[in-house]
Structure formats: C-alpha cells, structure tokens
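In what follows, a structure is listed as structure tokens, so that the remarks can point back to it.
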Amino acid sequence: MAKPKFRELRRSYGFDEVAIVPGNITVNPDQTNIELKIEGFTFTIPVLASAMDGVTDVRTAITLSKLGGLGVIHLEGVQTRYDNPDDVLAEIARAPASEITPLLQKVYSAPIKENLIGERIQAIKKAGAVCAASVTPANTKRFAPLTAEAGADILVVASTVTTARHTSKSYEGLIFPKLRKLVSMPIIVGNCVSYSSCLELMQTGISAVLVGVGPGAACTTRQVLGVGVPQITATMDCAMARDDYFRESGRYVPIITDGGFRNGGDICKAVAAGADGVMLGSVLAQAKEAPGLGYHWGMANPHPALPRGTRIKVGTTGTIEQILFGPASVTDGSQNLVGALRTALGICGACDIAEMHKAEMVIAPAITTEGKFWQMAQGRP
Amino acid sequence: MAKPKFRELRRSYGFDEVAIVPGNITVNPDQTNIELKIEGFTFTIPVLASAMDGVTDVRTAITLSKLGGLGVIHLEGVQTRYDNPDDVLAEIARAPASEITPLLQKVYSAPIKENLIGERIQAIKKAGAVCAASVTPANTKRFAPLTAEAGADILVVASTVTTARHTSKSYEGLIFPKLRKLVSMPIIVGNCVSYSSCLELMQTGISAVLVGVGPGAACTTRQVLGVGVPQITATMDCAMARDDYFRESGRYVPIITDGGFRNGGDICKAVAAGADGVMLGSVLAQAKEAPGLGYHWGMANPHPALPRGTRIKVGTTGTIEQILFGPASVTDGSQNLVGALRTALGICGACDIAEMHKAEMVIAPAITTEGKFWQMAQGRP
Amino acid sequence: MAKPKFRELRRSYGFDEVAIVPGNITVNPDQTNIELKIEGFTFTIPVLASAMDGVTDVRTAITLSKLGGLGVIHLEGVQTRYDNPDDVLAEIARAPASEITPLLQKVYSAPIKENLIGERIQAIKKAGAVCAASVTPANTKRFAPLTAEAGADILVVASTVTTARHTSKSYEGLIFPKLRKLVSMPIIVGNCVSYSSCLELMQTGISAVLVGVGPGAACTTRQVLGVGVPQITATMDCAMARDDYFRESGRYVPIITDGGFRNGGDICKAVAAGADGVMLGSVLAQAKEAPGLGYHWGMANPHPALPRGTRIKVGTTGTIEQILFGPASVTDGSQNLVGALRTALGICGACDIAEMHKAEMVIAPAITTEGKFWQMAQGRP
Amino acid sequence: MAKPKFRELRRSYGFDEVAIVPGNITVNPDQTNIELKIEGFTFTIPVLASAMDGVTDVRTAITLSKLGGLGVIHLEGVQTRYDNPDDVLAEIARAPASEITPLLQKVYSAPIKENLIGERIQAIKKAGAVCAASVTPANTKRFAPLTAEAGADILVVASTVTTARHTSKSYEGLIFPKLRKLVSMPIIVGNCVSYSSCLELMQTGISAVLVGVGPGAACTTRQVLGVGVPQITATMDCAMARDDYFRESGRYVPIITDGGFRNGGDICKAVAAGADGVMLGSVLAQAKEAPGLGYHWGMANPHPALPRGTRIKVGTTGTIEQILFGPASVTDGSQNLVGALRTALGICGACDIAEMHKAEMVIAPAITTEGKFWQMAQGRP
C-alpha cells in the first residue's frame, strides 16, 4: 500500500505568539506619523472604538473623534432600542453572572426604534465629531438610507463573517456595489480573515475592511462554532490581499484589525503584521467614560437561540485620553497605547505606518519569565 | 562519522489546536443539509449517542431517534447485566470518588443476561425508534445473532482498537466478511485512527467506521497505554481512507468521529476534518434524561486488571433536545449543537456535510485571551 | 548585506509529546514476549529498578529478581555508608522540606565502608536473586574488583553523563575495554543521550547502555546545568546507534531508557521509541516495600557544592507486584505496568519488543481534555 | 485565483525551550577556562552585574571585581541622583505594590548631580576594582567625558534598543566612531538582538555588545511595545554576526547576553548559544549585599509617560560569592553559577568558552515532569 499524502494544515498565529524585532536604525518617536486615512477622512491616530454597547455611545464617540480617532456606534444595540439606554446599561452591569445570558437575550429582543437612529447620529454630529454608524448585513438595506439621511459620515456593515457573496432563499443577499451607489459615504465592511474573502470584498468597491473573526475577549465564536483565525495571521493575509489589490487596481483599501487587543504590544504587533488601523473593544471598555460601567459583552451575540458572547468584568482604569495618550500609571501596557505605538515605530526605524508594515517579526511564545521568577521566589524566606 | 538520519515523527492535532477558516461565500444556515446516511438509513442530524452506560439507555435511544439522530445501546453494560439498571446507575452516581474504580470493577463483573439483550432492543423498537446495539469483538459471534433476532436495525462492533486482522491462540479472530453474511443489518465497526487500518476495515465490507482512540473525557487510554491519536488528525486520515476507498470501490463508507467532544466548535471541526457524523459521550451525559445522573464513565474500561476509565462529574444542563437544538442558555458552546453546525456550514459556504469537508482549517492553539484578560483585570480596583 | 544562514536547532520530544498509533493488526496480549536479554542473562520482564536509595535495597532487589526483572543496588549510597541504612532512610523521610538538602549533603558525606559492599551483594545472591551493583566512573577501579569478588552478576557504571573518552589531569580516565578484561561479568554503562556518544560506548565492548540525562522526577540537572535531552528523542537516537552498531559488528547491545517514567503509557512509548528495557525510579519508589518510605531523591546529586537533586513525596500505592502486574486499583496508569506494556504490544500488532520498535508514533501533546471538561462543569449547578 | 505566497515568520527560542546535548568526550570541570576578555581587560569569570539600581552599587561593584567579574554602575539611577541613595532604596523596598510605579516615576525624576558621577567612580577605583559605568545614548555626550575624567575603566552605553544609526530632529544621534575618539577606554554598547544591528554596531569599532531586548524578569517591554526577541535566538544570531565580523575584520568583539537569567542552566545555555559573557540582574539582586534589599526593578523604565518596568520581590538567598561559587544550599540552580558553568563545559567536553559555543543544543520545552508527579501523588493517601 503506497504511503498516502496526508492533508496538511497551515499554522496560524495570534498576538501572544509573535514579537517584533527592533530595526537597524532607530527613529525619535515624536517624529513618527501614525495617521489612518479612510477615503476622504484622515484620523491622526489609527484607533477605532468597537461598535459594542459597552464601548461606544454618543459621548465616547464624540470624545474619540476629538482625540483624533473614531468611535463606531451600533445602530442595532441598546442605543436604538431604548430611549434611555443608560438605565439598561446599568441593569446589565448590576446583573449577577448566572443571569446575564437570559438578560442580554431579553434586552436585545426589544424592537429597534427608527427615530432613535437619527437622534443618536445627530447628537454626535452636533458636537462636531465624525460619526460612524454600524449595521448588520441583514438590516443594511433598511437602515442605510436612514443613516445617510441623518448625516452620518461613515457606514459600517459588519457581522461575525461577511462575504461579498451570500446564498439565501429568504432574502436577497446584500450587493455591495449597489450599496455604494445607494449611500454616498465611505463604507467599512467586516469581518473577514482570509486573503481571498478580503480581496473579494475590496473588489466590490468598499472603503475599508474589518479583520477578525473570533479573537475578542467577549467572544466565544471559536468555542461555539470552531470558526476563527488568530489575529496576526488574519492581518498578514488580509494585508497581502490589500497590497495585491492595490497593485491590481491602484486603490488602497485600508484594513482595520478588530478584536482581541489587550495592550499596546498587541496593537504594535497588529500594525507590524500589516494593519492600517485597530478597532478596540475591551481595552476601551475600561475607560471611565465607557457606557459599560466596567463591563463588556459581545454585541452581535445575544442570539436568541445560539448566544456566542459573554459578559466580562474589565474594571475601570483611566480616562479614554489616559488610555490612549498616558501618562501611564501602570506597567502592563494597557495605557498610553498611542505612545507605545510611536515608540515601537521608533525602535523599528519606521517613520509611518506603511514603513512599520515592513518590520520583521518572529514567532516567540508569550514571556512567562516573570511569573516563573515569582514562583521561584515564593518558596524562600 | 557521517551524520545519521534521525527518525522523524509526524505532528498530529486535536480539537484544541485547529480552527475553521470562513469561506468566500456564506450560506443561510437554514438551507444547509446535515443528513447522515448509513446504508439504508438516513438520519436528519449526524449525531450518535455513545454506547456508554451514562449516556444511552432505552429512553435516550428513543428520544435521540425521534430527534433525527441515533442512540447506541451497549449490550455488555449495566442494561444487560441487571434487570433493574437504574438502581445500579444511582449507586454509581452516589459513590465517593475514592471508591469508584473498585465499584465499577464489581458492577461490570456481574454476568450478562441474554434475555435482557432482547428486552432492551424490543423496548426501543416498540417505540418506533431506530435501534443500534453495540457489542465487543470478542463477544460478537455470541451476541450478534441474538441482536438480529430481537430486531435491532444496526449492529455496532467496537472496542478500544479493532482491526480487520487479529492474532490469538485462544479464539478465532472475528472475520467481518463472515459477520456480514451472518447478520443482514448494517454494521458499524470501531475504533480506529489510522489511514491504513480504516481502509482495511472498509475493505471487509462493513457499513461505517468509528474513529477515535483515547480522546474521550472519561478515557485514560493515553496515560495507561500511551496509545491514541488526537481526533482532528485521526479524522483527516480516516476521511482520506474513505475517499480513496470510494474511488477504488464506488462504495461510500461514512466515518463517525467518536469521543473527545466538548462543544459545538469541536463538532464543527470534526466535520471540517472529514467526519460524516459524530458520536457524543460527555456532552449528552449532561442531559436531564441521561442515565448517568450527571456522571459519565468509561464503558469498556472497568477492566478487572487494567482499568482505563474514570468517572467524571459532568453535571446536568438541559434536555437532549435543548443540547441538540437549543435555544442555548449558555455561551460556552455546549448547547444547540445542531444550530452551531448549521451556522458553521453557513459561514463556510457549505450546503451540506460533503461540502463542509472542503472547508479550510488552520492550526491555531485554543484561545486563552479571555482568561488572560480576566487575570489582568483582577489585579485592579 | 546577504541574508545570513541562521543556526538551526533540532526539535526533541519527551513522553508527554508523543502517542503511539495502533497497528493494522492486533495481537492477544497474553501471547506477547517482553523478554530483555543482557549478555548471558534473560529477564522475563524488561524492568530495572534504579540504583537510587529510595528505590533499591537488598530486599527490593530480591523481590524484583523473583518477579523477572532486575534491581540495581547503588554501592555509593546509604547501603554501603551505614551498617544500618534503615535508620538513615527513616531520618530522610522524616526531615522537613526546608532541611532536606543539607541533610542529604551530610548523609552522603559519610565514608563508604568496603566491607558493606560485599555484605550487600552476598545478601542478594544468598536469596537466589540476580545481583546488579552500581558504581560511579571515578570509583570504578577501586570498587569493581570488590564487586566481582563478592559475586555480583552485573556491574553498572553510571553517572549523570558518561562517555567513552574523558579528559582529566588529576586521574586517568576509565578505559572500558580495560575494565571488561578486569571483571568478567556484563557491564551496563550510562548515562548517555546522543547517537554518537552511545555508539562510542558500544564500541568499547560494554554490554548495555543506560539512556537518559535529566528527565527524572527527582532530578534538577536541566535547571542547574541546562543539560539534557527529552527521553523519546534520546531513546530514538540511541536505538539508531544500537541498530547501526549491530549492522556493523553483529553484536546487539540493548539500550535501557532510564528516568522520567510516571505510568504505563510512558513505558510503552519508550519501547515504541526503541528501548529494550526501562529503568524505573519514582514509580517503584511508590511501592510498599520501597526503602524510601514514600519519598524519592536524586542519588548522584547530594553534591557538596552543586546539588542537583530534590526529594519528592511520591506516596505509597501498592506492592511491587501490584505495580508491575496489577490488578490495578487506580486508572492513572501507575499500576499493572507489565499488563499495560503487553496490551500496547497487542494493540500495535507486535509479538515482541523488537516488533514494538517498529510501531508508529505521532507527535501529540498530552491530553488535557479531561481537565478542561471538569473546569467547564464546575461552573454549573 | 492563484494561491498567494503567505508571509512566513521565523521561530525564535528562549531559555525554557532549549537544552544542551552532552558531548562525546567529557572534561574535568576544574580544568575548564571560562575567561572573558574585553579589549585590555581579562575577567576570570564571564559574569557582569546589570546596571540596575537593585543590583549594582559601589559595594557590589567592588565585590564583583574582586571575585573576577564586573559590576556595572548606572550613572543615571539613584546613585547619582541622591547623595544618600540607601535611603531611597529602602523607601522603594518598603513601598506597597500599588504605589510602586508612581514612586519610581517620582524617584527617577530627581536631577542627576554631576559631582556624584565622579564620586561613585572614584570610590570603586579606590578599592582597587575595575570600574564600568553605564549611560544612555541620549546623555552619552554629556556624561562620557566626566566618566573618563573620574577614571572609569569601561564605558557602557545602553538603552532598550541602541542602533548604529538614529534619526531625530531634536538632537544629533550618537556617532560611535566619534565617541571612540572622545574617550580612550573600551566601550560596551547595547542592547540589540538581531544579526544585522549587531554587525552594524561592531563595525563602528566598539568593544563589546550587550544582547537582549525584553527578556528580563523586571521588564515588560514585550507587553507594552510588543518588541523583543527571546534570548537563545538573539544570542545565536548576534554570535553569528560576531563570527562573521571576526572573519571580515580580524577583530573579535565579545557579546554579552543580558537579561532573563534565572539559574545556572540559563547561563550554560546562553554560552552554548554563543555568548562570551552574561549580564545578570534578578539573580544577583537576590544577594545579601544587593542594594535592592530583596527587590528588583527595571532601570530605564520608570518612564514618566510610558513605564515599562515592574518591581519584583526576588528575596535574599546568599552572598554574591555563594551565588557565584557555592556551595549551593538549594537545588534549583540559583547558586554556584560558576560551578554549574564549569560542569556544563565538562559534560560537553569543552575546555573553554569558545569550545562551548560549538556544543549541540536541541529544542526541548521546559520539563514539567516533577510538577506533574507531585500533582499525581497528591491525590493519594
């Protein structure tokens, strides 16, 4: 019997498994440029806040925009289901762990009020902030026009996995080229994780892509469905799609790595892997201004029949400004994320994000030296 | 001295080490077909319940069949050794951990009563359910005719490792082609884990193969004997044997991955690896109807001299229907397993199980992000 | 600057990282032959007891021999330093953990009494047992003649690392071909872990080789010196040296994997990797007859300046006979080791140890399924 | 669509992931030569003490020098900011964990007193010791002349990452060839981790290179910035740069692996990987004479806006002499480091450090056997 050629699987990597190699030249961090451009818009810092109810509401979207980033408000969450979402958010924060899944299932079964879509968008715009609003593919045809009408600047169409092609008997799939004609604003689409699905999305003409399936701290997609690709590999593959598409079309479609970040190191690694921007959930849920009141939970996931999220206690550590710009009062990398990114660029000799994409990385399991030393030390007088 | 060519070992993978990559097209989960066919029988869901005493008895076999799956009753367990097995099951559930191995050794040393074989099978058949009954290879010649006579639909011949060829001085090995002639029903044989042993079994004419040695939660075969192959590799290798055998013979012999499942994600991965069906132990032992009363233990393993099983407390979480079809009240993937499988097919753009076999997988260690985040958060106010 | 060709390291494997693949044919375990031959001696089971004071004394050496194996008594431990070693062993067992290293340093600084060498050997011989006695290379010239004179059957010359060549100004290195002429009995030498050092040792004419540096439960060589090769790789490499030497010389020199075993699975894996026999420390220190009274510690390692051992509590689980032949009352693989080995041979279709050397193995990290399941279950009612 | 060629990352290794393979010949440890030469200076042991405030002050620098090694005093730490640094060190040791980062930020914001630079250097010189003093690149032009003037023997220029080229608008980068002309003493520069950056540094004419970014027990650079390469790979790559540079120029520039060491095994592995010397932090912070009083913290890292260090309790275990030369009273490898290094050389048949560079290493995850055995044993009577 001839030896069969066994099926082989490719190895993928997450944040904990890689490290960035310093460059041969160093640059003063103050001289680095970390801008993110999405069609007409330029953000001075490449940071988006997740379209999750514990992270982004009207207030935090305004704050983020003033600090140079972008908050994305979810149009199918508590902000548009409740006139007074703060009461609901407080209820979620107060609920004991054992009751949280049924509570979230109940909270998210309330109907979306179309008038609130306009109100939330206008509140953000009135403050002079850039407004990005998020809808799911299934509801895009219904909500996108309302979003445009209310004056939103950027439309985000996102679900766990969104592809350029969808097969369904019950409704016609969302056709992105049609959507581009329907609304005139930039469209960010997600999420995807593979080279080919990212390339196909870019070819539909959309403005930016969200990268990430299953990595988030509040997401249990990998346990429930077995689906997901670790963020470093997902980012590297989608960055290659972006570069190939740019060579082919002349159009540069930025990719935004979305989910799984815990500290500045993770952000630096995503950028070294090829990300043009990052979308933060748990990390910003720790902000004093965060609507989650120290808690964070999966947004698309209070599914009535197959819930895939979980509520985690993230605590409250500092203001959004302190988390992004410091000064840090902790040394675990969860504060001064922008300073960390600039410092990493400097260490790698990168003047901007495009140069940082060329930084070398190695596979290097998360350091445990410190923990071990402690253990060793504890057994002693 | 010339450099020697060192012996090299192949890497194998288990559920925790892989993840499924979403496809380039998505399909509405409601439109997916997840049927499993075993010779004349078609099951609307590809789920078998293990031939283990904590999982399958007459009642759960009936329930499983009505829900579209198949429960396999073990003909050498408490169901055929005791007129009133429920008393024994309660005793096992009540026993303290320190006394469980001797108790199981005692319980399983009681003789098998041949009349009970017929009674159990007829009870299942009387309820209109499909009846599958399991025997070990050593007892097959003795019990298979009784099984056929009592009206069972499918015969399962299984032990830790079963091969097409067996060498023994004390008894003539089981010859599967002969067995096929002896009983006219479909025969499922297991367990095996390698390409060549699976191929040889298929070549004997049997109807389906159980794949898995050593992975189960209640199994300690790998510690005791060092033998076993992780389920993803075992499934991929046996799926290749099935496909090669189909090309060679034109006969499609389904493979059923048996053991080690903890959640929907594991099931989805097994199918992506090539499984036509899955056999669940611990997961179904958690059912309210489960005979194990919240406990689960190795079946073939209360060996009088070399026990290789262990009793684990799995708890009770919901009805069989809820575990299989939801709605899920937990987010860890242990409920609505069928919904999870359909959703994963949809995300991979697969209309049926055969298409899901082509889904891409990557090697991706189990996510620990959440755990780490918690740890990080706990050190804070 | 041209890309440098980086130094690459070879991956090595330990017991926890591999698993044995079942064969295409199965054999009745009762029909397997697991003999080990060392020159003129044939042992019905391939099990040696370590030359460690917590494992082998006169009584256990006799018991082991009667059961078909071989106990190796250390001639430089408490047995030859104290007329009444049992008192010293009891003192070691009673000492609190914080005082154990200085106590061992003191205990092992007492002088060796040459008369006790003869006494211990004769006590073993008088009982009709095969007697193997162990010395370190530095003391071999002094003690080997005494050992021969007292009637020992097999001489073991072992230290952490022993090579065919040694450079020293202070004393002439041990020359094995000379030693073979000096004493007429078989000589087992160790320890080594690499192909080339094993081959060189075999070429000196010695009778068997001990394989293993740094793996033992009571050994901290890898922490202290950074030196050591995991046992599966060490065994595979030395087995290749044995096979090459056999082809070259026609002389078959068995290799005995020494150290790191915790259960039957480890023993089966060592044999599948190429071992002709195994030398057990911690596992036999758990015997009711063990001189260590439930404790085990490194033998060569109470070094006055650089101690590399540690005392571990192994507990007491059963008699030597029960540990080797069962029946097992536990399911963790620590009892009925011989039964486990025969069963594994049967599952792999191997009639004897030589055939088991051809069993396929895969790289497969230790299973953690059970642990995880428990964790999962604990969060539930 | 053609299959894209995915970006691939190279695997890197740390101390815990490798092990040294014994040689085919052994050497008496007493005959090994472990000298380290840095331009005119010869050190009988290849050990440097880190330029960290918990490790090196005037007293420990003197002790180290007398024992044959080299302590490096940091000229930008508490020793030059405070007339009476011992008070400040005691305050750091007393501070509760929750207040340590702000305290360190405050302590290190006090100005450096130039007169103390001279005083500290002269105190070391007056005792007859070799004096090495460390500055950061940004302050080198200002402090280097003072250092030379005060009579220091060796200048160390070090920061997290130092390269031969630096881009900044605010100040002219440090030009090493110019610095060599400015001060006549040997210059050690660091830190770097890659082949090319190490080679470029050597080509500037400096005397030795410090290797290591992010490995230290008191360093959180990898979490905060994602930057760092594990020490074995960093050492192997820089050793290759050293060897290539030696072939190219005829000048041998030693490399000193700096950071992450916990025991003798780590030191032996660094040397086997190619290190000419090692720089120890945490391990020497455990000395009775250590200024840190049982604590250790990152030196360059009390950054006012982005702190990357942490204070860890290392405890106090023995004198510097005992840690370096034994006798060891513990068996975890943290004492008698020099004895361990000589023993490892002996086991590998290496007469000196250059020969030890040729020792074979294998990839071998840290042993956990002992831990597992304990766990196993605990569940028993």
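Note that the chains take the letters A, B, C and D in the order they are written out, and that residue 1 is the start of every chain.
Just so we're on the same page, a residue touches a chain if its C-beta (ideal position, glycine included) is under 8 Å from a C-beta of that chain, and two chains touch if they have at least 3 such contacts.
Because the structure is predicted, anything quoted here is derived from the model rather than measured.
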Fewest touching-chain hops separating chain B from chain D
2
For the Cα fit of chain C against chain D, please give the angle of the superposing rotation, nearest 5 degrees.
90
If I average the CA coordinates per chain, which chain comes out farthest from chain C?
A
Given that chain A and chain D are copies and touch, would you call their interface same or different according to whether over half of its residue numbers are shared?
different
Where chain A and chain B are represented by their mean Cα positions, the distance between them in whole Å:
38
Contacts with two or more other chains, residues of chain B listed in rising order
10, 196, 332
Per the touch criterion, the pairs are A-B, A-D, B-C, C-D
Per the contact definition, I'd like the list of chain B residues that touch chain C in the complex.
1, 4, 6-7, 9-12, 14, 16-17, 101-102, 160-170, 192-194, 196-197, 200, 213-218, 220, 222-230, 233, 260, 262, 282, 298, 301, 304-310, 312-317, 332, 334
Please name which positions on chain B make contact with chain A in the complex.
10, 13, 15, 18-28, 30-31, 195-196, 199, 236-237, 240-241, 244, 263-269, 272, 326-333, 336, 339-340, 343-344, 347-349, 351, 360-370, 372-374, 376-377, 380-381
